[in-house]
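Just passing along the structure, written as structure tokens.
Letters are used for the chains, namely A, B, C, D and E, taken in the order the chains are written, and counting of residues starts over at 1 for each.
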Amino acid sequence: MLVNSVAYCNGKKIADVPQGEIHAYLDRKDCLLWMAVRDPEEHELAELEREFELHPLAAEDARHGHQRPKFEEYGETLFIVMHMIEPDGDDLRVGEVNIFVERDYVLSVRSRSERNFQDVRARCEREPELLRHGSGYIMYALMDAVVDRYFPILDAIETQLENIEDRIFAGTSPRANIESLYSIKQKLMTLKHAVAPMLEAVSKLFGGRVPHVCTGLGEYFRDVYDHLARLNQTIDAIREMVTTAISVNLSMITLQEQDVTKKLAACAALVAVPTMIAGIYGMNFDFMPELKWKWGYPVTLGVMTVIDIYLFFRFRKAKWL
Amino acid sequence: MLVNSVAYCNGKKIADVPQGEIHAYLDRKDCLLWMAVRDPEEHELAELEREFELHPLAAEDARHGHQRPKFEEYGETLFIVMHMIEPDGDDLRVGEVNIFVERDYVLSVRSRSERNFQDVRARCEREPELLRHGSGYIMYALMDAVVDRYFPILDAIETQLENIEDRIFAGTSPRANIESLYSIKQKLMTLKHAVAPMLEAVSKLFGGRVPHVCTGLGEYFRDVYDHLARLNQTIDAIREMVTTAISVNLSMITLQEQDVTKKLAACAALVAVPTMIAGIYGMNFDFMPELKWKWGYPVTLGVMTVIDIYLFFRFRKAKWL
Amino acid sequence: MLVNSVAYCNGKKIADVPQGEIHAYLDRKDCLLWMAVRDPEEHELAELEREFELHPLAAEDARHGHQRPKFEEYGETLFIVMHMIEPDGDDLRVGEVNIFVERDYVLSVRSRSERNFQDVRARCEREPELLRHGSGYIMYALMDAVVDRYFPILDAIETQLENIEDRIFAGTSPRANIESLYSIKQKLMTLKHAVAPMLEAVSKLFGGRVPHVCTGLGEYFRDVYDHLARLNQTIDAIREMVTTAISVNLSMITLQEQDVTKKLAACAALVAVPTMIAGIYGMNFDFMPELKWKWGYPVTLGVMTVIDIYLFFRFRKAKWL
Amino acid sequence: MLVNSVAYCNGKKIADVPQGEIHAYLDRKDCLLWMAVRDPEEHELAELEREFELHPLAAEDARHGHQRPKFEEYGETLFIVMHMIEPDGDDLRVGEVNIFVERDYVLSVRSRSERNFQDVRARCEREPELLRHGSGYIMYALMDAVVDRYFPILDAIETQLENIEDRIFAGTSPRANIESLYSIKQKLMTLKHAVAPMLEAVSKLFGGRVPHVCTGLGEYFRDVYDHLARLNQTIDAIREMVTTAISVNLSMITLQEQDVTKKLAACAALVAVPTMIAGIYGMNFDFMPELKWKWGYPVTLGVMTVIDIYLFFRFRKAKWL
Amino acid sequence: MLVNSVAYCNGKKIADVPQGEIHAYLDRKDCLLWMAVRDPEEHELAELEREFELHPLAAEDARHGHQRPKFEEYGETLFIVMHMIEPDGDDLRVGEVNIFVERDYVLSVRSRSERNFQDVRARCEREPELLRHGSGYIMYALMDAVVDRYFPILDAIETQLENIEDRIFAGTSPRANIESLYSIKQKLMTLKHAVAPMLEAVSKLFGGRVPHVCTGLGEYFRDVYDHLARLNQTIDAIREMVTTAISVNLSMITLQEQDVTKKLAACAALVAVPTMIAGIYGMNFDFMPELKWKWGYPVTLGVMTVIDIYLFFRFRKAKWL
């Protein structure tokens, strides 16, 4: 589905371009076409492939989706794949955006993702002095937007981990903690898959030899790289903490089991000792002087109670109860 | 066993080549021989070695099998070893394909594998404009086919892991879960052995200096590389999740043990307390007024029941029962 | 908030520069302006950005904070981000300092941090022969100060770990140990985040091609690098020991549980055996000669005691009690 | 102890060389001396050092033994150290071979190893066209032989692991499994120590600049490298599986403990419930109508039996028994 | 404290140099001063700094100590820091040696270490033909000595680990094993800190561009590197085995707990069953024919005994007792 398609000249919007006139604008030397497509159908992709003369392998990648993030050069055309990650209930939904960039056009093909890039386009149009840098700047703006959207997701994961940490040390809901830790780990893997390959890809866009359209934008791409590096580092750190949290949680569970065993032992003692005494006075010997004694029964009950009170406080003191 | 052997000229099939005429076609400058052999016997290999003038070390590798995937150059001849992985009941069967490529022939020797490359040949013959690229393109097509066949296998493993995750958190069949996780790990190692060395090998086929027959096909081999990189990344991710799942499973098992201990403790209490009370009234003291009381017996039974009901609900509330 | 702003000429302080005269001093070729700002408000930053002609991306980083440590060149301007880590009760507070360096000025912007750099300035002013090296030397002095402040924090963590080790092997407070180990791990991650990226950044300041203002100061920056390398190595070592300590602690907990189980078993035996004997003599058989025997009761009690004493010592010897 | 010493000319054996005539042969330009020494005594080594003019540091390495595998150049002399690993009961014995290679001689010094290199010499002598390559080829042949002997050892370890896996999942002999897994780990470390440094060493013998005697033999050394890479990969894979197996085994042990606890609980219940009932009818109340009832005793016994049968089947169904 | 200070000319000792004459000897072109200082006081260091014109940063490092091992060039002066590790009861004491090397002097400053370098000096003086190489050779000799002293320490650790392994599988003293494993891990970290940075440092002393005084000594420094590589590899291997041993030990402890539980269950059964039977015959039913039977009591005792013997042998067979 075509989202929109606009021609810019010298950083300023000159026209909305209907699909039929794309070719006319691509032929003009002086203008830049920025086209956004969403969840395209097979025939739409085929048409784009023909009109923009996309390389068959790149077009196939866009068609199949589920690529890993990457940056590739097909002759003059740059081809960028990025993952778009959006919260989806308790899980993460992984969408994808494929961007084709040449000197005179930027074509973005977005799939399986709710959020569009209208904000990016709006900001670019507000800053014509930057948009004048050409297609490379649009490419930067799109990448920057995708990367910036990873941060709140990672923050949410971090918060989730902090909540679990509190619960682990409070000793509550160990089962739910395990499940949440596992789920955090899965989300981190999803984010890692989005970030790590892109980090490598973006590093080719500044510094040494860079593609032609990126010339002069090195500081911008380095900024994207820097954000990715920060994300990557944070992901790795949380990942390590999750592993630690899992093993810490196991220790806490084992400690709790110990508590249960201690409680069990203490309660057993409280019951077993009176039972033993009662058993003794239940013996049928003919000569058991206590049995004849008038205060035998109450004294025995008293002894049982005293022993149990004593044991109770000892166990309490030893924190078994 | 010879599967088939066809000569192509300018991307078009010109003849099926019987084994005896191989030499004639190898001598012609203008045509390309594509020969496929399967589970060859010793003498067949010896004949191929002589006819194609294969390097003794490469021929020995093909003879012995069980090589790691690799790409080697013996003078003008390229020698590629890839693993063919096919599901075999609950396990994976590892076959092997050895490919010898020179400017004017491609010889593939397949071992211990059910699936052939007829689909690759058919597709190549349908696209003569690509087949015209020569033996390098056939080499690419074979590699691409082998790599693409890894994806469904990895998907199956991923699905298997997801099923186990559900079972882990549902707390069912811990023993089977452990066994399955171990088996997944083994399969991942098998896949890793197929993918990782090939990733390294393929990286030599595009970019800088590439073998002569691969010239102009850089984007194709980069595509294969990209698929391998994706496989590799996914394998590593699943591997990490399996490790996490194993330790999470241990935590769940320990939690279950705790549940068993709690249940045991609760049941013991329900039985032990009435036993203690009964013991007390089983004592033989002469002066135990309750024993004379008419309602002593039913009241005692009642007290036992009330205590047990109370305990039962307390345990229920504490989730011990 | 402006902390202070001083102009130096030939290594000697010549004037305190009020904010309004900054421009005048920046225009003079012969002097060096060193300005320190703390927790600046939005409008202050905007003014600084304009006056020092900072690159928008760098200024934005300073504005948003929460960057990872880094070193970037924007044309002639060097931009350095470092984390300032200060103890905050049981936790660590992570502040940040952004330093802009050009040939004729050093501007440091400090956020969320208590400690200032007055000591650095004082030391620099005491050593005019070094300050004469120019802005590069001030940059070194600031970096050196930040890095040196990491050491006592790491030492405190090391001491904390040693205390926990003692407690682990003494078997006391396992729950608190786990929590402390987790907290140490978190602090190490915080330090690692401060140190590791800076290690990489500083390595660009000596050796090969270095920014112009750093020329001739290679040995100083190598010294900073060396300190960072030492910190990094120690962090990694403590991190590994924490992981080991967590698993060692789990072993100790499991051992303690075993002790509890043994104690439970021993106590159960001490009670159960007399109970069994009492039960036997509580049977109502008509012909039980012992029951008639005058010494039956005391002898039975004696036997119970003897058995329990025997068991007690056996358990004691086996360390079950 | 001198094993043997033979002079070759143009790939053909020309003479057995007694120790005294070594010098004569070393002086001849046209022939190649291949000498093998085993567990040499101090004075023998000193003599070799003098006669072959070995570098003191290399000679010292040969004298002390227990080197890590390596490849070093001392001027024109190549010095190779390899580990020879042989099964020794349940353990592995690590021997060592030091090889000195120059254009006109190969001297191998073997220590602490049973197997000799007679088969290598025999094969070389059968293939004079290869032996004609000179000392580099003998060096290759020796390295190839040493490396090939690692494979059966690794295969044996793999088989051992498979047996343990079966036992782990069958739940038998957990103690022996742990011990075997640990021992496998140790053997893998031994192999790793032999293989990993050699992998690095051999990589210098083909490809770029290679020592003079290795020229033209690149494909042979690449073959050795390839075998080492395969060994290395397999060692790493088994190592990872051993780690997994250890943690899987722990899970199985914990599960078994749970089974024991369940059994214990079930049996306790089967005994405790009749005991409680018996206790109740052992009470001495005057008014307990059941006691007077003629069928009281058999009915009570019957109730006990029925309850136990019911419990038994419930436990059986829940797999507690 | 000055240990000694000797001037050499052409590899031969020419004079003991008192501190006051150092300058005179440093001015002579033809001789080499080798000075050894131990635990110097502040003022001694200051004097050395002035006399040898040491770089302030290097002097500061020597003053503060607790550096990581490193090799640095300050102009013509080489500065080497190495850790000296000596056994100190059950722990390791980490001393430090700082070596300053120039063409005409070697100054070693040793701190917190018992062992001196008299043996190195003695050996050097015995081999004037090597000492003639100049200060580079002394530097090598010192490094070689420090590195060689690591080996016995690592051997002791290895032996300690082997002893623990035996105890783990014998099932004795699990608590002490854990503590020892932890302590081994700590010692390995100490050694690693000494070895790993030095490995990196020494690699700059042979091969490509080397400092002037090291020219022609490449094979010697490669030998040191080789020793360090062996140490490093062994440290890593032991470290991995320690990790494995910790987890294996946990498995053994869990198995032992299981044994305790089994024993507990078996003993409980041996006592509970007779108790139950006694309880039954303690019931007060009027009609219990067995009670009247003359042999009732002995037969009941007999049945109890038979059941217990039967149970005992079943438990024994199942290895629960």
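Definition applied: a contact is a pair of C-beta atoms (placed from the backbone, for glycine too) under 8 Å apart; a residue touches a chain by one contact, two chains touch by 3 or more.
Given the structure is predicted, the values throughout are model-derived calculations rather than measurements.
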Just send me the rotation angle from a CA overlay of chain B on chain C, rounded to the nearest 5 degrees.
-> 145
Using CA atom averages as chain centres, what separation in Å is found between chain A and chain E?
-> 41
How far is the middle of chain B from the middle of chain D, if each middle is the mean of its Cα atoms, in Å?
-> 25
Residue numbers in chain E touching two or more further chains are 247, 250, 254, 257, 261, 264, 268, 272, 275, 279, 282-284, 288
When you draw the chains as points and link the ones that touch, which shape shows up: line, ring, star, complete, or other?
-> ring
Around the ring from chain D, first stepping to chain E: the sequence of chains is D, E, C, A, B
Contact set on chain A toward chain C in their complex | 165, 169, 219-220, 222-223, 226, 229-230, 233, 237, 240-241, 244-245, 247-248, 250-252, 254-255, 257-258, 261-262, 264-265, 268-269, 272-273, 275-276, 279-280, 282-288
Interface residues, chain C side, partner chain A - complex = 55, 57, 67-68, 70, 72, 74, 174-175, 178-179, 181-182, 185-186, 189, 192-193, 196-197, 243, 246-247, 249-250, 253-254, 256-257, 260-261, 263-264, 267-268, 271-272, 274-275, 278-279, 281-284, 288, 290-297, 300-301, 304
